[in-house]
Amino acid sequence: NGPALAASKKIGGSVSIWAEWTSTEQQDFKAVLQPFEDSTGITVHYTGKGSNMDTALDAAVAGGSPPAVALVPDPGTLDTLAAKHAIKPLASIIGSESKNYGTAWSALATYKKKLYGIWFKAANKNTVYYNPAVFKAAGISSAPTSWSQLLTDETTIANGGTYAPVSLCTDIGWPVADLFQNLFLKLNGATAYDQLATHKMKWSSSAVTNTFAEMAQLTGASGANLLGGMKGALADGSWPNCTTSVFPASGSPTAAMVFEADFLTSNVPSNYTPGNGSSCTLSAKASPCYDTFNFPAPTGSAYAADIQGSGDVAMLLTSTRQSKALIKYLASPSAASIWANLGGFVTPNKKVALGSYPDSVSKADARALTSAKAFVFSLDDLQVGWEPALWADMLNVLQNPSASNVTTVEALMDTQATAALGH
Amino acid sequence: MTIDAPVKENRVGGLAKRLHLSKAVVNVILALVAIFWLVPTISLLVISLRPESLFGVSGWWKVFTDPSQLTFGNYSTIFSQGFATGGVLDSLLTSLEITIPATLLVTMISCLAAYSLVFGSWRGRDMIFFGIVGLMVVPLQVALIPVVQLYREMGNLFGLNPYGTIPGVIIFHVAFGLPFGIFLMRNFLTGIPRDLLEAGRIEGAGEWKIFYRIVLPLALPAIASLAIFQFIWVWNDLLVALVFLGGNVHSPLTIFLYDQTRSLAANYWIVSTGAVVSIFVPLIVFFSFQRYFVRGVLAGAVK
Amino acid sequence: MSSVTLRELTKQYAGNAALSLDAVNLDVAHGEFVCLVGPSGCGKTTALRMIAGLESVTSGDIEIGDRVVNDLSPRDRDIALVFQSYALYPHMTVFDNMSFGLKLRKVPKDEIKAAVTDAARILDLELYLDRKPAQLSGGQRQRVALGRAIVRNPAAFLMDEPLSNLDAKLRVQTRAEIARLHHRLGATMIYVTHDQVEAMTMADRIAVINLGKLEQVGSPRELYDRPANQFVAGFIGSPSMNFVPMHVESIDGGIRVVSAGGDMDVILDDVESAIIRSAGVSDVVLGVRPEHIDSQPRSGRGLQLRASVEVIEFLGNDEHVHLSSGSHELVAIVDARTPLTIGDSVTLSASIEAIHLFHPETGVTLK
Amino acid sequence: MTSVTAEGLKVGAPRASRQHGWWRRNWVSIAFIAPGIIWLLAIVVYPTIATVRFSFYNESATKFVGLHNFASVFSTDTILTAFKNNVVWVLIFPFFVTFIGLMVAVLTERIRWATAFKAIIVMPIVFSTTASALVWRTIFDLDPHVGVVNAIEQTVSDWFSTPGAYPLNSAIGQTAVSLASFNTTGAPGGALASKSAVQPGGTVMMGLTRISSATLQTLGAKTPVAPQTIAGGIAGVVWNDFSPSQTSNTTTIVSDEHGLPNLRLSLVNSTGSSVASTVTNSSGDFSFSHVAPGSYHVEVPASNFQTSFVGTFWLGSQSITPASGLNQTAQSLLSVPLIDLAMIISYIWIWAGFAMVLIGAGLAALNREVLEAAEIDGATEWQTLRRVTIPMLAPVLTVVFVTMVINVLKVFDIILNMAPGSSQGPATTLALSIYNDGFTGGIHSGVASAIAVILFLLVVPVMFWNLRKLKGGSA
Amino acid sequence: MSSVTLRELTKQYAGNAALSLDAVNLDVAHGEFVCLVGPSGCGKTTALRMIAGLESVTSGDIEIGDRVVNDLSPRDRDIALVFQSYALYPHMTVFDNMSFGLKLRKVPKDEIKAAVTDAARILDLELYLDRKPAQLSGGQRQRVALGRAIVRNPAAFLMDEPLSNLDAKLRVQTRAEIARLHHRLGATMIYVTHDQVEAMTMADRIAVINLGKLEQVGSPRELYDRPANQFVAGFIGSPSMNFVPMHVESIDGGIRVVSAGGDMDVILDDVESAIIRSAGVSDVVLGVRPEHIDSQPRSGRGLQLRASVEVIEFLGNDEHVHLSSGSHELVAIVDARTPLTIGDSVTLSASIEAIHLFHPETGVTLK
């Protein structure tokens, strides 16, 4: 495969690596590892830990037998482990491969000025997925590019009477938080976003209040724009149910679009083709399509290219010849390209050619990521200690966006943030 | 025969009928309960037999009008890996490797401890028992990390770190099964007449003999229940195995099923399939222990 | 085959203010057969259980052989106990119940089989060896409990009413077997019973307990003839001794005791009179056993007694005649052929030897 | 001096022998309990102590913070909610599980198919909670096409009220609304009326939107035509004023728009009373003839939009106790979300088998003759159960009850798996808070440990009660 | 207060090939006191449990009053049962144990209290009303079980060895109380006992069961004097009747029966001889009760018996003398004052009225 591998000679031995990925993602990642194993003779033991990754890793570190390499989904863990000296600095190990990442990403993998991780996989949470055929049925031919256009299109689709404009993922609130974060970023920019994330900006500030107000526009009065109304959104909005109403595996869609990150791709049934061609139909049986657009900013906003996202950062926990080789391999563009090629994957690795992505949707996604003016990490994940409370608060506002309730909840959030973050 | 019939007719009047009726009522009530209990179970089974695409789209009961919806697709997905390491059968074995020792140990240690608590004469029995019941409430989650650290200390001290090994998982399960086990056995053993133990003692049985020749046989119904539950709990555990097995290549069935689901949410059709697959062993366990629930185990023992 | 000695043995159960056993002293010699008798709840079972090591000793000592065994576990005491409640192992067959102790001692299989078969034959249990206790009748259960003790060969047997649920015939038979066993093994036996006949026929000595206290120990004849006090006198013998409060009257040099209504009177001789005088009492309790009352008046010294017949209980050869004399109730045993009918006024008598006199307050025997 | 020594010996000797005796008497008992105690000390008590310690430290266990964590537990509404939910669970669940378990265990003794029945009841324990939660989630699903409960409710409710021709489209949660040019009176789904008044001889154009194409298809809607005036009458058309080809045109009828057939209309005079009524035909046109002079409105009564039953949101957080209008804290303490009930029902379904098996085991050990004695004493079966069986079963019932109390104090998996995200907040419990606070995204201690400690303390009364009860029960 | 009738009542327990009750017919009249006696395991408890409704009927019928109650639940039969195993409610105090049945009938509190206090006084249980069964002695438990029955006022009492664990004194006392209760309430009583004295003194009629079969029913005197067969003869009376196989010899017109060694012989009169002849047997079994053996030889007709004294059991007033005559063992009850010593050769006798003769195979009474 890549020339980077051809150079390395057979090392042999084995190395263990943990990540969240199970099921399809696990198979994809194993495909990424295959050429590495072939060329180095190293056997890689991969374990997918799912949502218990953090706990399992904490335990493994505490238990004294951590995996050699681990990929975790949040920068906080990296900081914690670095503080405990449980992970190794990477600069000298991966050498020039560290330059494959933009400064925003490197900063997120740096602790006390040392690089401890490489962001192997990234997710763009600005992505909005929509069913082009539904848009067309309402007489809309192109995706909205501004916030006001999005609202207009929503009304149009609603008036059509057959499809709900939005299938809102609610779950325990994290998708709503994502939605809020998107909107906040597009309305107020990355600087304000970072201030809010660290609670330097108050939740009771007008920026937040405005964002909530705009969000209420999006959902419509008592959830008029949402699939099943507010009640339906809350009842059926659990992940990934919310996606199947836009991209059903059989029958017809009931909603036009769904907000979530690009990892939603893996929940789109395989018979959907990416793009917005003229052949797209409403029936899941004939040729259905999916497409995305970037979460729109108000017309003329300076923050249109700011991106909110997340990712998986690879860290080295035990330093052996094999593990070093593996992390270096993960940092290389050839590793990321393999998965990119398989789809449902984007990497912040600049060296991965856009051509590696199989379709227009992921290409656009990757382009957005790499061309981002500013990149912010998902804000809720940084709210250690009150993240679930934040999600609950988001659901609260979603259900009752009245000014008085917003004021109450904002005050509550400030209290919670102060209690958890100490300021 | 013909002469007998009218006599029989007269003598019991409506009373026998009333008795029969009450028996019928019991049967009807229990049948209703059984149906109530079965509906979810059947729906789980049906969900596992319907294709993924229909989940959440239409009611599972539709299969009864449209049997063409039935498919073994979910099962073939699960069984696709076969016997290989990481396959479903390998996981089944691993589950047994964990569950059987954990069940045996909990049952044995609980019985021993309960015996001591009930029939021992040392002071402070009540306090110890009190403490043990208190431990039932300790959420398993809070113990994970301290125990892992403890394992590492063991590794440092004795060169044997159970972390990442199957014994490590078993040790943890046993510890968290014990409070309930002891609680159950103790309360059950209080029902065994002391005279029986004393008879054994007089006949020259040591405590051990009394324990396993007299008390254990009499406590079989309780032991069977404890074993059933312990087995089921360990069998269905996911969290402990995930945390304690580390990178072990063999993983129990729960982890295997968990792996079939995607990282951000459960694939319910696979979960249901897995649930159906994973209940067979516990059901066998249940049925084989069922026969120990004999009525009147203590009948005829004392006046 | 050891002696058993109780020294000031006392037991107080938790949650029971009264002493269930109160400073009991008792020596049971090696090979001796002692019966414990006493009213229900007097502490017989408690005593056995303490000797067996099943109850802790509140104070005092228990010696078996010449060791103080207070702290010895039951199985180290080498005794067999037949429980009043049987305490059969419900999960074992009769055979297993009986052989359990032997198995524990690793006695060879065929010896066990022989011993159990033997005991089963004696106890008429051969047909039931495969049954579980739940499938047995009350008497059969009791016999299994007994069998469990006798298949072993312990230093001492403790038996708590081992025959109470057996019918008369079987009881006589089993009693004989126990006596034979006792002779054959020379084993020490402490035997609780409420059956007079058992106690009288089997025991070398009888210990009478009342309210946890030992009242008297002695041979059956001693207890029957010379009870130490009114309690023992009343307890030994069935139907029990008749007691009548009498007034002491001095008559020319001697003493005459007479009942309130004057329906009964006895004239004492000099020796007896002296004893009564030295006791300094003006009242005594007269005791006479039902079987010592003659249905005929008698000439000469002795009890004279005028009464009316109230109830006659037929008992085959004998009759129990319930009498009313003045305000007193008495029972007499007379030959069934004596022509008595209810309502008869009769004069009865008893010889002076058959008369007991007790201190009216302490109950101590005066004559 | 010597006599004193002798005295001392005399007193001392038995005591020494007593102690020696203690060990001799009890070493086996001690040996029996030792494995359990050691195991528990190492694997449960030690972490428990760690937990207690962590509860006084900050989240990363680096700084002592005193009672801060406890203070924040008691001042956080979410945790108060969790407390309240725990209380609701504890009040309802253990009792019902024990009760049902007992009833079922007692009744099964009398049937022939007991083994099969027991297997059916026990089966749910065998499923993982994830699977059970999934099943119950579908059973309680809001959509009557998916959820059995709502399907039943719908069937029942449809007996009592017939839906209109244009019911709420449950798939998208909408109902017809008029366009701005045709005034709305009432909420969406309520009655709609023409905006401008009309006199006899005039015509009315009423454009509505948000009508599902599926409905139109079912009703066989045809292309509408502009209404012709009729003398002394009022004519008009009602149509679905939405065209994908001309989304902005809201004043005229476009070729791909459809009339709304089967609509019931009424003619309302200026005093607001209905004077005539009619039904639109397949192109959506209608007419009222012989209308008295005056000014009228044409109204589309709400009954047209009468929805069929939309389902009870069993998994929702609406309170079944009156708690609205209270402040946040009072609400978190007083409202009982409907989903609590749904989950308790499911949890009972899961655990009743546990109770049944244990109680069955207890029943097996009862002395039958005592029960017979009660029967002879004249007790009915119910009295025997209540006054003899249950007291004699007390130790086992206590096990079940206490286990269930502790079990629900720790309940979280069913909530995590069954409550839709939106209800997880209102339905949260202490253990779920521990899980969320202390467990997601790595392990934090602090508040989670404090909650655990509080949980632990909550059990203390239960233990006391249990102990007292057992002491009284057996001798 | 109803009659109890058993018609061909049969019981076979599952897992037990033998019939535990075999076609028993018994009429217990309203208010009658019937004792069931028989060897251990003969089916007494089974019969009571069936009457109470605790065991299913294998075949036959049970009538209480004039209803067939086979299918009636125990509750509806209005009977009280004293269990052989007591079956006390372990979780209730003595008071609650006794009052439970009344409480169920919603008897007013003070009436309950009065009834229980009364029963407790009779049974000497006043001090124990607050205790739980586990804290009682065996006899106390039995009294509680008895108390539980007598506080109620049922149509019939069924009592299974209710006095077996009581001491002699208490037993006599309680026996009297039960008799009084029976008279006062006029209640029908079916009473299982293995105590001869109880059966003889209390019963209006005694039913003797053997191996599940009813052998004879009759008044105590009937059973004692005219047992229907050898089994009943042996079972009634304690110590039981002596049986000796005898040979029938014809002597000038009459018949003489003589034992194998010739140590015993009886000459029969004409009537008796005729019966023996018509039975056509050449052997008979002779029966004579121990209490009917005279320690003196007698002139005239009757049994003459030469034997040697083997064992003497002292019983207070009487002695049981175990004799060996030829190859036969006999027991005689003699006055304790009779001067006998072990090894003595003696000649004893019995009057011709005291002699019973039984068919050697069927056991049916011939004389």
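Letters A, B, C, D and E name the chains as they come in the text, with residue numbers starting at 1 for each one.
In the analysis below, a contact is a pair of C-beta atoms (placed from the backbone, for glycine too) under 8 Å apart; a residue touches a chain by one contact, two chains touch by 3 or more.
Bear in mind that the values here come from a model prediction, so they are computed numbers and not experimental data.
If you take subunit A and subunit B together, the chains in touch with both are D. Contact counts per chain pair peak at B-D. A separation of 69 Å divides the Cα centre of subunit D from that of subunit E. Rounded to whole angstrom units, the spacing between the C-alpha centres of subunit A and subunit E is 93.
Mean C-alpha position of subunit B lies 54 Å from that of subunit E.
For subunit E, the set of residues touching two or more other chains reads 73, 84-85, 135, 138.
Annotation for subunit A: residues touching 2 or more other chains are 51, 55, 58, 236, 238-239.
In subunit B, the residues that touch at least two other chains are 56-57, 121, 144-145, 206, 218, 296-299, 302-303. By the contact rule set out at the top, the touching chain pairs are A-B, A-D, B-C, B-D, B-E, C-D, C-E, D-E.
Listing the residues of subunit B that touch subunit D in their complex gives 23, 26-27, 29-30, 33-34, 37-41, 43-44, 47, 56-61, 109-110, 112-113, 115-117, 119-122, 126, 128-130, 132-139, 141-147, 150, 171-172, 174-176, 178-180, 182-184, 187-188, 190-192, 206-208, 211, 218, 221-222, 224-225, 228-229, 232, 236, 238, 254, 266, 268, 271-272, 274-275, 278-279, 282-283, 286-287, 290, 293-299. Interface of subunit B with subunit E (complex): residues 11-12, 15-16, 19, 302-303.
Subunit D makes touch with subunit B in their complex at residues 22, 25-26, 28-30, 32-33, 35-37, 39-40, 42-48, 50-51, 54, 104, 107-111, 115, 117-132, 134-136, 138-139, 141, 145-148, 151, 346, 349, 352, 354, 357-358, 360-369, 395-396, 398-399, 402-403, 406, 409-410, 417, 431, 434-435, 438-439, 443, 448-449, 452, 455-456, 458-460, 463, 466-467, 470-471, 473-474. On subunit C, the positions that touch subunit D within their shared complex are 70-71, 73.
Subunit D meets subunit E in the complex at residues 367, 369-370, 372-380, 383, 387-388, 391-392, 394, 473-475.
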